[in-house]
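Next up: some structures, all given as structure tokens.
Two complexes follow with subunit A in common, the first pairing it with subunit B and the second with subunit C.
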Partner chain A sequence: MKPPAKMSKPTSLFVIFFSLFIMSEAVFEDQVGKFDWRQQYVGKTLFAHFDSHSQSSNKLFLATDKNIFASFNSRTGDLLWRHVDKVGPEGTIDILVLHGQDALMVVGGGRLLRSWDTNMGGLNWEAVLDTGSFQAACFVAIQDTVKHVAVLKKAAISLHYLTNGHQKWVENLPDSDTVQYQAVYSGGEVEVYVLGVVPNSHLTIIAYSLEDGEIIKQRSVEAPWLSSVESSCVVIGQGVLMCVDPATLALYTLPIQAEEAPQFNQILLQVTPVQPRLEVSLGFQPVLVSSQPHPARSPISEFFLQLGPDHHVLLQLNADGYTIAALRDFQPAFLVSFATTGEKTVAVVMTPKNETLYVHAFLKKDDSVDYRVLVQTQDHALTFIQQPGRVVWTREEALADVVTMEMVDLPLTGTQAELEGEFGKKADGLFPMVLKRLSSQVILLQAWLAHLWKLFYEARKPHGQVKNEVTIETLSRDEFNLQKMMVMVTASGKLFGIDSKSGSILWKHYLENVQPNAVFKLIVQRTTAHFPHPPQCTLLIKDKDTGLASLHVFNPIFGRKSHIAPPALPRPILQSLLLPVIDQDYAKVLLLVDDQYKVTAFPSTKNVLQQLQEMASSIFFYLIRSDQGNLSGFRLRKDLSTERIWEVVLPTEVQKIVAVNGKRPNEHVHSQGRVMGDRSVLYKYLNPNLLAVVTESTDAHPERAFVGVFLVDGVTGRIIHEAVQRKARGPVHFVHSENWVVYEYWNTKSRRNEFSVLELFEGTELYNSTVFSSLDRPHLPQVLQQTYIFPSPITTMEATLTEKGITSRHLLVGLPSGAILSLPKMFLDPRRPEVVTEHSREENLIPYAPEMPIRTEWFINYNQTVARVKGIYTAPSGLESTCLVVAYGLDIYQTRVYPSKQFDVLKDDYDYVLISSVLFALFFATMISKRLAQVKLLNRAWR
Partner chain B sequence: MLLHGRLSELCIFLQAMFVFACCFSDIESGPIATSGSVQPNGDRFKLEGRAIVPGVKTQDWISSARVTVEGEEYIGFMRTDGSFVVNDVPSGSYVVEVISPGYKFEAVRVDITSKGKMRARLVNFIKTSEVIRQPYPLQLRSSGPHTYFMKRETWGWTDFLMNPMVLMMVLPLLIIVLLPKVVNTNDPEMRKEMEQSMNMLNPNPELPDVSEFMTKLFSGSKSSSNKAVGGSKASGRPAVKRR
Partner chain C sequence: MASVPRSFLLLSIIPTILILCADFACCNTGRKTGDGLDTDFSGFSVPLEHSFEVDDVSRFRMRGALQLRGGRETSVSLSQSQLSEEDRKTLKEVAAVDGLYKIRVPRVSLTDRQTERQMDGYLTAFVRACSLVESHLSDVITLHTDVSGYLIGVSIVTIPGACRGTEVEDEVDLEAFNTTLTIIAPTNAPQPETALFIERMDIEHEKRGKPQEQKSFFAKYWYLILGGAIFLMASSSAQPSAGGAEEQQS
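And then the complex of A and B:
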């Protein structure tokens, strides 16, 4: 038994060593919120309700287009809790209604009925509904108590108990293939009314008994003018159905409960006795707005009639049920809403400038009429307004759907620029240089003194008042370039400039006329490094269907649109590429390739065109046609036309191209090779033109499905390596960097996620150590591969990036739980040995283990989870050890990571007191011992 | 030694085969815990369970928790009493997890047959067919809050005494004084072992990873400058790393 024990000793020691090394990665508890922040969003509001359960409540409940049910504090706009459902149609919220403490929700197109306890934020019950698309739902009350909820589907109506969700009864609707049932109404009686319509023929009213779902009566009313109950009818007063006919401009009334053969009563708008005369704007479909304050009582008899986009009239149905009276005319008024508390009802009218959509009003005090309004605007901002028109808070919900982002360095301050300028200019003699040096030192001293004074001044103020407001004017680069401007592009077409240190929004710009299916690409054309010239970003907006694109050129620091006119792009754009060529104003050149393979340059000055002509023979680009399985490479000609030089076809019957990824252009690789245990060097294959192409099989059968990875040289089209993972399917997430590709897929056989790493090496000798050329590399690289089990699905993956690439790399993995795992690349090394040898130990290789560990200490965002992580953006900072990370999805989280610990600055827990006290102690000890030694010498001399 | 290793590997393999065979028979005829209730919409089933965080009121954690089935394939929410139901799940094998930013829960694999019979077992990604039964409806008990943070090292006299730097100074002294008296150094096997352990202590300076090299360089210079100061805390930590 002795020998195995001896063997295991070194390995266990080794594991301890590594765990020590990697353990130090985690966040310390006192660092929470020091350089990281999170912002939570919910998306565009579909339904909103105020908590009217108790008078003092400050809660607000929202259901959004991102399938989220959330509760907010209405005083501050802070999120109290939020429930994130599945993405896509299975999680869509069809309706949200509130009764007391219970919020009822129909989810997924009538799939589920959920009841939430709004106080705790937990689920009361969840009931599965019968199949069929959802139409309407309402509360049903008997004798002033709400006990049931009725759900109307395309072909059935069901009644559920509010307490436990159990179904009381379900009935099929008669003639559901011809009649479109669209509304359900209950006014507190023992009947539930279902309204259906056969377009342009007649209206059907069915009354169901509350007790057993029996049809009490069924009426059919002639209505050749009616096409939809949903869009043109409302119930007002004592159960009177009011419809509007846009063709004849007439209002029709009909008592729902009427007995024998009811008829619509027509009120022509033109000839009404009401003053002023009601006239509908040309081509406008009039809309009715009514309110039913309590499900146990009938709706109020006042209602709004919208006559034009900005014209509303408040009308009242008289007690006879046939005539109407105008109460007030509102023009201009875009938005209207009702709110009721107790016996009083408020009608709210709003005239914002260009805002549309939502108003929710509500009454606060018992006697005085008070209200609060929530406005959802077109640019996805959610604003909360108190009665005198005071904006209490605004939430930028557009940030719930960030599409792409960039981090831009902040500009230097005047003094910093001055100092930089000293080194940039040519020397003009010794004496002026010395003077300049001295003057800049004086400037620095001044700045330092001013800083000290400010510190002193602020220290005297009470603590609460010291608040450093970040504004664009005060923004400047910090010592280590850790504070940057985050430029975020959202799907709604709203651009944001966010300070990375505090997370405050410094500028926003709403691009109108952006199609909902547009794709965006953000390009930094000029950084802040070229001082008199402002930085410049270009946003390429492309319509996904037509491929037509437009450019938006702006200053990323201030968000202002640039004066530079972008080129007109009449043809669909296939590819855009940023060249390292710069024009006389230091802006990088953007090339846009259209569907006829013609190239447009931006900026396209004479200087640029000349440079392009000179460089044309060395400019290559590639195009992907995933629908044809085609990957082709092109070269630029001198006259800016293009020529196809290679083509790779991956037959679409077998597999489809899922993703193609090159390396990041701003990535630096510090070491050319790896020193192995026997002192030889294994050189990395660092091909800057390498593309990683990931394919998935079209056959989804678990036995035959596969995932393919091709490494293709983008210049020559040569396939460097091909790897096929059998019995695997996507979604494939991958990172391509340095000389490695890491990809993750689903293993269909073992039902688990697996990570695979490919590393490319040239071998122990470099072919050409000075420069890499794709055209002159005769030898194919050696490829090493290893695969590991990952015990969780992942949502996104990115690698850390640092200034010079000296720091070791980590992979940042977004998990569905919202955590972001920082996984050392050391774990994903295909040279990890199965059996530990002398050499592998010297190389610090971790012995191979099939399962990758996930440890909560490696979560860079501790409990600040980021829901639905969609992307992780990494940017280098001025410090080599530090990488800036932004994770975005539903939420935005910004932090810093130190993959090899903070080796270039003192740690923030550095113990100055201890060091200095020890120094002083030693200093005094030497003094004393010196004295003692002298005394001793003197004594010896006397002897 | 090598043979022994091989043999033990073989044993494990055989064991795995055995377990594999076992579970096959289990699927066919084994006792099935509870039959899931068949729902009206075809072959979709519901998955039930209950999660408990000992010593914490449900309202303090349920609003931020949810149940995920196989990533975000199916999602369920926590009821006010801590129980949960995931509706509309077709037959198959799924990893069910209660996700909460505050508390840790073990994941469970749930198998649903096409007839709606259910069983729960421990998740094992390496031996995927191994069956260690868990109760169904699921009973998930939190093992406490997540540990996200590292503890800061605080300075104390015991730390100073237990400092590797100090130990490294004291231990060699002991060895120099005591070892010649205890061990016979002429024994060749003993000498070989000592050489091996010496190799362990001094890893080669030419480390392949540049960053580690940098940190080593940095900490090395710092510790050498601090050596004069005496084994302070700052010099202590790099020493841990170097070992």
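And then the complex of A and C:
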């Protein structure tokens, strides 16, 4: 106990000490939202309800596959509030039912029962349920008032009060090991019915007394054709159970409340007197859809029968309870739903193929029925439609699961492109060149005049009407290249192009037939810099199980699919690498290595193949098989086959490879070394081929567990450094950049998170200062390492990136709290001295302190928390001081960071007037004094 | 006091030194192999093979034998024969076409479990043949082990490492390898140095803390209080005379 108590004092002292070193950086209140934006998402909808409590209400309630319960404004689609639960099965929402102001939810596979207040989004109560997997839940009403909720588990049924969640009674279900209880039904009477089935044998109906949970009656009905109540039965009309048998194509009806030896009544679909004849599509399992508008009343007697993927029939159960009548045939119709308001019910059918449909009907002022529709589509978009078919709003919920992204420069404006084109073309004589120059100058003048005219025209308009809408047509690069196109790839296979300045979605493209377990890799093959060639991005979509891959080539600015045909990839792809080699159209060459170590080039023009042949002996690549612990290197041969040249094997019985990370290819390092206190230079070991390989021990015992960090040269396979962090466990997050690796792990002994930094130096002399070659660097670098305590777990980590690498680096750390911490790399420096000396002070090294501070002004997203942050993407801008940051997870947050402050930008409040007036005043003063001096000289001469 | 900072400095340097002088064993064309090695039961030998072909298809041949000894102090030595006339010729030819010189060792474990010592598969590394020729066969071979003593990687570099295109005329230069052999085990990454930090802070506190010992209010200002009290007493005793002074004034 003693050391921690002692710790607190020095730490606080040091925090004060640090504050002297680094001046505070934070967002001022008036800067909020100026450079940054956040978008909040909820994921794919599982359950949706409209607020029917009051007429004027415009709220929507959603439960999603991301374990979120949220409320939207149905007029605008804005998020009112949301509750983000735990990730994984612990937080899954099993069911969401709504009654009045209470939203009831069963969470975590029947673990918890929660009641939310729909007005404010507050939690009314939470009840812990008995163990057992959840089956069904329903409201139970007595005499037109809903007072209870029944929860059916695998082996028990319980009744809870709606007001406080207290359990009224719980009863074990009889024979629960043979009977599968799947449904619970209450039609407003004093009984609760539980329906269970012994597949292909019989159906069990148990009626429980509402008062004390006593079994009133228990019936068993022969049903050898029935396998599941859940998928083939519904309750309609006055408590009539209707089931469909796909084998004999028959409907069966059975009154639930029936006394004494009930029997199923069979209605064969083929021989029904209904016109037209009901015919089921081949191989289709018919589905019944019914509706119970109010828990206190029995369901309506109309129901839908789905006969094919696009074929529904609206049927009605006659009053006798065993004959049906057809009301209308709908074909094509993919989705159907019911909605009720007052006495009126609306049945809605929808033709385009979509996923789920939610309908809300309401009475208009003139007593006619109106309705609104919420549609969940396959591409995870949520669309809200009003009666005349008008789309009110659409939410792109696919963005709740961004997998990877890239930022692409916007194209030049027309005039800039014109100038670029002038210099791009080949010169053909002096005179045409002059003409060309003149013509482009005229075009520039025209554009400028047009701009002036526009300014003048807009100035006359009332202020509010001038709008700077960003559209795909008006997109152009700004002066400092701060506005870019964010290309985002989502897990559902939908691609988005988002303007980084406003956050508005400029294009979207849904890739169909993307497997749910697909792995994506986004590659920028040609940037916008090669006018008139359009920029080109390639998305590699790989099936995780089979390894088979396909390419989607598109223009990242407009989202259009490229006309370039990607190569066919018949074999699983192991590795893809982007070469610095460019073809005649300035597209970088992408090499794809298949499982036979054969290489496919894309684009594969003659020019490219020729270049590849010439360069083959200097193209090396590596492959990693983490399941075998195998790292191997290959060299390309002239015939595009490969040869294995090195192999490193980490035995899988000791440790397994968790992650491998190279450096970012677009990273620039400005200074080759660090000037030390005694004015000598410590040169950095800047190996562009260096890989950081992180392993975790297979032994999970806290005393023996370790995390291994290997630095391997990707060309020669040489292990540059091998370190073991004892008593450590993952998850390991790490960043590899310049000459350093920063990793974070869990210390099993001290039970805390720790940060460790490795820096590599060549020493005070460079081996070969002109060029770096992995093949010619015989001496191993010096490795320095230091470790610090970090007072928080982290979820992701990335380093800032700037145009030329002059600006000091910061680490951007995503914390589970949703904050993004901008941690100066200065704090993670293995040369931080234990004891302050003259030299270390000269070098501006912060004295070593074991604890890393977290200061709230380092949170770059102030109060805009990013829920479940999964990744951080950084991109350089045209300004050296500025780095663009996008954090994505459930939410998307975009901002700019200035790790060394805005040293190359004048401040917003820079006093131009004062400076220029001083300048002018000085100028005139000089003129006047000169004149005066002249007069004086003249006068003296006259004397 | 002065000795404490110096020891800290030393400690911070130690990791660097450790990296530089990891378990080191050097030998020269195998003549220096310890006599005791063969008698040591824990020592064992694995083949070191090499391959250099003009057509770049690997055909590994014996280059020498690695004498490995595991246990507390792992050590390694190498006995290798000279290159034959034919090999020298091939090596020069391979160097001329910028081919690769590859070496490989079998995957073994240095721990004492005799039965599971050998695993299938090899660890391979390469160096450009021309740099090997130009360095007159002086190479540095490094064996890497993991925490439990398995060999996980091998690397070969030549000193100097560059290919400058200088012609090696003398055939004698290519006869015998001048090999430096090292075996490197993983270094232990440092833990956060809380103990040292606290110690240092304590020392600093002591340095600064001594004169500022917490004293009670009376202990600190007793002379002021005493002086004040005396002054008050003096002024109260002088009260009657003050009245007299007033009289004098009027």
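In this section, the second predicted complex is superposed on the first by the 837 of 943 C-alpha atoms of A that agree within 3 Å, B and C clash if a C-alpha of one lies under 4 Å from a C-alpha of the other, contacts with A are read in each partner's own complex, and residues count from 1 in each chain.
Heads up, the rule we're going with is that a contact is a pair of C-beta atoms (placed from the backbone, for glycine too) under 8 Å apart; a residue touches a chain by one contact, two chains touch by 3 or more.
The structure presented is a predicted model; accordingly, all values stated were derived computationally and were not measured.
By the touch criterion stated above, A:646 is placed in contact with subunit C alone, subunit B being left untouched. Residue contacts after overlaying the shared chain place A:691 against neither subunit B nor subunit C.
Contacts of A:475 after superposition: neither subunit B nor subunit C is touched. By the touch criterion defined above, A:776 lies against subunit C but remains apart from subunit B after alignment on the C-alpha atoms of chain A.
Contacts of A:410 after superposition on the shared chain: neither subunit B nor subunit C is touched.
Of the two partner chains placed by the overlay, only subunit B lies in contact with A:862; subunit C stays clear of it. Touch criterion met: A:85 reaches subunit B, while subunit C stays clear of it. Note on subunit A: of its two partners subunit C and subunit B, the one contacting more of its residues is B. In the superposed pair of complexes, A:786 makes contact with subunit C only, with no contact to subunit B.
Contacts of A:850 after superposition on the shared chain: both subunit B and subunit C are touched. Comparing which residues of subunit A touch subunit B with which touch subunit C, the overlap comprises 3, 7, 10, 13, 789, 850-851. Those residues of subunit C that touch subunit A in the shared complex are 5, 8-9, 11-12, 15-16, 19-20, 56, 58, 98, 100, 102, 104, 107, 119, 121-128, 131, 140, 142, 144, 146-148, 150, 152-153, 155, 157-163, 184-198, 200-202.
Within the complex formed with subunit A, the residues of subunit B that make contact are 1, 4-5, 39-41, 46, 58-59, 62-64, 66, 68, 70-72, 74-80, 84-85, 87-88, 93, 97, 99, 101-102, 104, 123, 125-126, 128, 146-150, 152, 155, 200, 203-204, 206-212, 214-215, 218, 228-230, 232-234, 240-241, 243. Note for the complex: subunit A touches subunit C at residues 3, 6-7, 9-10, 13, 617, 632, 635, 637, 643-651, 654-655, 697, 706, 708-709, 712, 716-719, 721-726, 747, 754, 756, 768, 775-778, 780, 782-789, 833-835, 848-851.
Partner subunit B is touched in their complex by these residues of subunit A: 3-4, 7, 10, 13, 17, 20-21, 23-24, 26-30, 80-81, 83-87, 91, 111-112, 114, 117, 120-126, 128, 130-131, 670-671, 674-676, 679, 750-752, 789, 791-793, 806-808, 816-818, 826, 841-844, 850-851, 856-857, 859, 862-865, 899-901, 903-904, 909-911, 914-915, 918-919, 922.
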